[in-house]
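Below: a set of structures, written as structure tokens.
One chain, chain A, appears in both complexes that follow, with chain B as partner in the first and chain C in the second.
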Partner chain A sequence: MKHKVIIGVFLLIFSVLPLLLLLLQSIAPGWGWGELFPSAVSVQAWQTALGDPALREAVAVTIMVILFVAAGNVILGVPAAKMLAYKHFRGKLWLDNLLFLPILIPMTAVAMGIHFTFIRAGLADTWLGTALVLFIPTLPYTIRVLRAGFERLGPESEEQAKSLGSTTLQALMFVQLPQIMPSLRSAVFLTVVITAGQYILPVIIGGGTVPMLSLLYFPYSNSANEAVVSALSLLFALLPLVVILLAEMVMRLVFAAAHRR
Partner chain B sequence: MGQEAPKDKGALSVIIGNETCKLKKAEGETGMRKTAVLGIFLAGTGLLAACSSGEEGEAQAWLEEDWEAINAEADGSDVRMFMWGGDDGLNQYMDEYVIPAVEQEHNIDLERVPIDTEESLQRLLTEKEAGEQEGTMDILWLNGENFRAAKENELLLGSFTEKLPRFNEYIDADSPETTLDFGTPTEGMESPLGKVQFTFIYDTEKIDQPPDTWEELRQWAEDNPGEFTYPEATDFTGNAFLRQLLYDQYGNDAAFASEAFDEEALEENTEPMWDYLNELEGSLWREGQTYPASVEELDRLYSRGEVSMTMGYNEARAESLIRDGTFPETTDTFMLDSGSIGNTHFLTMPFNAGNPAGAMVVMDFLLSPEAQIEKMNPDGWGESSVLDPELLTEEDRRAMEAVDRGASVPSQEELDNAYLPELDADYVGWLEEKWNNEVVQP
Partner chain C sequence: MKLFSRKKAGILWLFPVLLLLVGAVWYALLQVLLGSLEGGNGQFSLSVYETLAGNSRFWSSAFFSFYVAGISTMISLVLGIFIARGLYHYLEDRYSRFLIWIPMVFPHFVGAYLVILIFSQSGWLSTAAASLGWIDAIADFPILTNDSRGIGLILTYVWKEIPFVVLMMLPVYQEMNKEFGHAAAALGAGPYQRFKDIEWPFLKPGALETGLIIFCFVFGAFEVPYLIGASSPEMGAVLAYEWFYSGDWSRRPEALAAMTLLTGAVLTAAGFILWYVRKLRSRLGGGK
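Right after this comes the complex of A and B.
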């Protein structure tokens, strides 16, 4: 009971109140210092934010890119994480560090080189190129998170499933993955949030021809009109939420289908 | 940064990029073996082919065509315009007026791509290295430091303004406002879009009589501690504030702008300026222990009533913020008697523009009296025209004079009288460093 109260208070202070403040700011332009209540209420900021004609396309493209990156992360991350968790081999420490390296190197330094390579490969200025480059800031996290999940689970359940006659893939799909669902969820969550928040990579690689939402949002974050910034911030926060719900539905459907067979 | 044209950070990386090309050029003169080793290394990354491939692309060929052919080619084409997108007024002007108008008049599908100018230049630099001749960018909005970096790195298509009929008709091509961009000769490589002047913004409810001189400003700040501050020197507007003060050290003589940048003389002559700023510091917001990182932060302090003054490198910037309720209705604009620096911002085409013909038609359209008059509308961008009133028809001139830019915008006469040409881009970096050493450090 006591725990619940503490958690509730924390939730209120750190997530509900700031969101509420954003909402208020978005409809109350010129809410002055020292005024307890805003002097005027207007939906103009929302009109500006939603009236941007590029917005609808940006939302569609962003969702598509994020889902692609999230799915790719799971497909690439699961085998890598499983191997790192259970297999012992020479140079494992090196490989482990190598896989984590992309996060440690500043993205702007890498972006130019990748852009150069992508121009040559014909991937620059395409949505595929943009989606591919977004694996760099996400895949290291996915592997880390999933690996921890596999390590907690231990190799025994796979051995047992195999002794009962299942293949490696069956063991993974029916036994291991359902048990590491929490890790899988965290990995997808991280991927979605990180992907949505990227600015430099989509700008450099996508060149403005791939309209990600962050491209629309970031220029406004410098504007003096706090109401528009607040409205866009809310939209921007809503998007990952929608995508995570979508991803959750997909994952459930996949496992449900797998179970029926 | 309100509406005052592209920012100028990120020049460093651009310059680094240039070094690699210089390295490559010098390499041909060294010994054979060294060349071979370097060659293998560079060929691996593809740099070799890129830097030496200075051959004229298809894009340049359009600079030789006549206007009729250009117009015919532009008809029905797509044009991508890369411009910083953080200002509602500017975006609105582009989306609601320019894009439908060029669609209707020239059957051109214009797309506005909201990207910071530094990022755009960064991309161009990589594209040049990679030998990409068919770029996605047709028009780029820039000025100052960014223009100089682009010009020095040969990222621009070339000299084109004399191709534009309306440039020839309405622009005073010999005026320093057109021929110089922060001291860098434009040489026809960029076409003017608009111009802005530095002004202070204040709340008439809190200040009866705005200061006329720097001394009065200091006195007012002293009498009203905590109600004034300015953005850091690294901010576009903060730096303009310092340049405005620097001008004062040289008697606000417009000739100062045409003097070559001389660091030694500056060190000697600017002592009073740093004394002034240090003296002012004690009366600033939070006693000058911290400065707003950007003019937008200062604006927010102002709109919340924490300070009584803000500023902007655009005489009309307060107007749209008053109209959308961000600034109080009692907001007005003033300039010091010593003058107000102004700059022009421009449009240009990158070396690998995919559709130079379409780009030129759009830039020509933007120089039409209709487009420039619409740009002055305070409900949209509210920005000053670049056309020379002397060259306009009687009718257009009247129409331009009839535009009500809003009560907070100083009259064109006041602005013209106060106008001081912008300083060389070298001063920007020098002021950043010096301000940090003299004002922040001690």
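Right after this comes the complex of A and C.
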């Protein structure tokens, strides 16, 4: 009981209070030093933020890029994860490490190193180029999470499905993926959150012409209007939720359509 | 469609993955390295590194990055494991467990902004201190953000990385055999001893790997120090970025050399830890 209380209080201070603070700050434009709680509330900051055409465009572009990156992560990550989970081959250890290393390498170095090549290839300053580099900080996580899912599932269910006459793809779509849905959800969640939070890659590769939401955040956060910045901060938490709901719907539709065939 | 055997199709799928995660990344790092080695007239030279070695701003940046990354990693790991343990042992309720994920949906720079809202001199804690009568004016509150000791940075990273540690450690606890702990308790082991002798050996590989991820991420980070770091000392990546985009191109080789050294440090640390973790795992009998 004592432990439960300690953990509960910690979670409250650690997670709930910051969220409440952002919420309060976003609806209390005049709230400043000296007032423990805001004296007046208004939705003016939300109106300012949502009324900004630059921001609305950024939300649309960001959702598009995130959906592209998340879909690509699943499509590319599933076969790679399955292979790493079940197949044994020479050099697997090295491949494993090479696919993990991008998590550790500073993205500033990657962005600086690849910028010129992207300019020459016509990919710099385009949303496609920006989306492509965003696979680098996300795909290693997707592969890791999905691989753990496949490993827990074991190779037996695929063998069983195949012995009943299904193809590899059918076994994957009808038997394996539905069983590793929790891992699939975690992978999409991580991808969405990491993509939305990238700054240096879209700044350098997108060159400021691909208006990801994170690019708007920095000039906003230097403005004195804390209510608007707080509203924008909350938008960053809402965005993953919206995209995850969309992804969940898409995944269910795909499985349902596959079942009907 | 017998053109591709099943085996080849698998490798074909892997190709874009390799292109993005191995090809593009190592090509980029090679470009950074080559750019840093460019001498005056198209020849290779190490002169940039000599300049950099004598640059005290670079060294203080490098040490500052190391210090912030080290402290953030230690605190996140200790508290994260403690919370994962608590959630696993004492909090069965799925819905309250969700609370720990809240910081994860926010990007790092939003975390930095939250730290400013709460800990800055005109922040909420300062207001609270004033209403309690501890301080009289804004200036009386200690400087905890944009500070040269990196406290604001560390607070931000600890807030963001604790849930990440829990995310990585909770599955280990869930897969851990509870019987060992019960047996140890029956034989009279206290909670500390149970943790040290039963849980830690299972946690160690994952904890080291998680610590490596956090350390490298913070060590090479740009966003948060760009937003709430002090102007001196700067974190390494911020310094390199400023040199790289500082109007004229004269400092570009230095920026690339600095990024080469930072990345080299990260890869060296990764090499050691990954090798050691592999050894630990094979000793645990998993061999995966």
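Observations, loosely collected:
Throughout what follows, the second predicted complex is superposed on the first by the 227 of 261 C-alpha atoms of A that agree within 3 Å, B and C clash if a C-alpha of one lies under 4 Å from a C-alpha of the other, contacts with A are read in each partner's own complex, and residues count from 1 in each chain.
Assume contacts are C-beta pairs under 8 Å (C-beta built on N, C-alpha and C of every residue); 3 or more make two chains touch, one makes a residue touch a chain.
Every value quoted in this text rests on a predicted model; they were computed, and no experiment measured them.
Touched residues of chain A, counted separately for chain B and chain C, are more numerous for C. By the touch criterion defined above, A:226 reaches both chain B and chain C. Of the two partner chains, chain B is the only one that A:52 touches; chain C does not reach it.
When the two structures are aligned on the shared chain, A:120 is found in touch with chain B, with no touch to chain C.
Of the two partner chains, neither chain B nor chain C is touched by A:94. When the two structures are aligned on the shared chain, A:112 is found in touch with chain B and with chain C. By the touch criterion defined above, A:135 lies against chain C but remains apart from chain B after alignment on the C-alpha atoms of chain A. When the two complexes are overlaid on their common chain A, residue A:151 makes contact with chain C while staying clear of chain B.
Within the superposed three-chain model, A:200 lies in touch with chain B and with chain C [touch as defined at top]. In the superposition on the C-alpha atoms of chain A, the part of chain A touched by chain B in one complex and by chain C in the other spans residues 32-34, 112, 116, 200, 221, 226. Of all residues in chain A, those touching chain C in their complex are 3-4, 6-8, 10-12, 14-16, 18-19, 21-22, 25, 32-36, 76-77, 79-80, 83, 87, 93, 97-114, 116-117, 132-133, 135-136, 139-140, 143, 148, 151, 168, 193, 196-197, 199-200, 214, 217-218, 221, 226, 229-230, 233, 236-237, 240-241.
Only residues 6, 10, 13-14, 16-17, 20-22, 24-25, 27-32, 35, 83, 86-87, 89-91, 96, 99-110, 113-114, 117-118, 122-124, 126-128, 130-131, 138, 159, 162, 171, 212-213, 216-217, 219-223, 226-227, 237, 240-241, 244, 255-256, 259-260, 262-263, 266-267, 270, 274, 278, 288 of chain C touch chain A when the two sit together in their complex. Residues of chain B touching chain A in their complex: 1-2, 45-46, 80, 82, 84-88, 91, 95, 113-116, 119, 122-123, 126-127, 129-130, 132, 136-137, 294-296, 299-300, 303-306, 321, 324-328.
In the complex of the two chains, the chain A residues touching chain B come out as 29-34, 40, 42, 44, 48, 52-53, 112, 115-116, 119-120, 124-125, 200, 203-204, 207-209, 215-216, 219-228.
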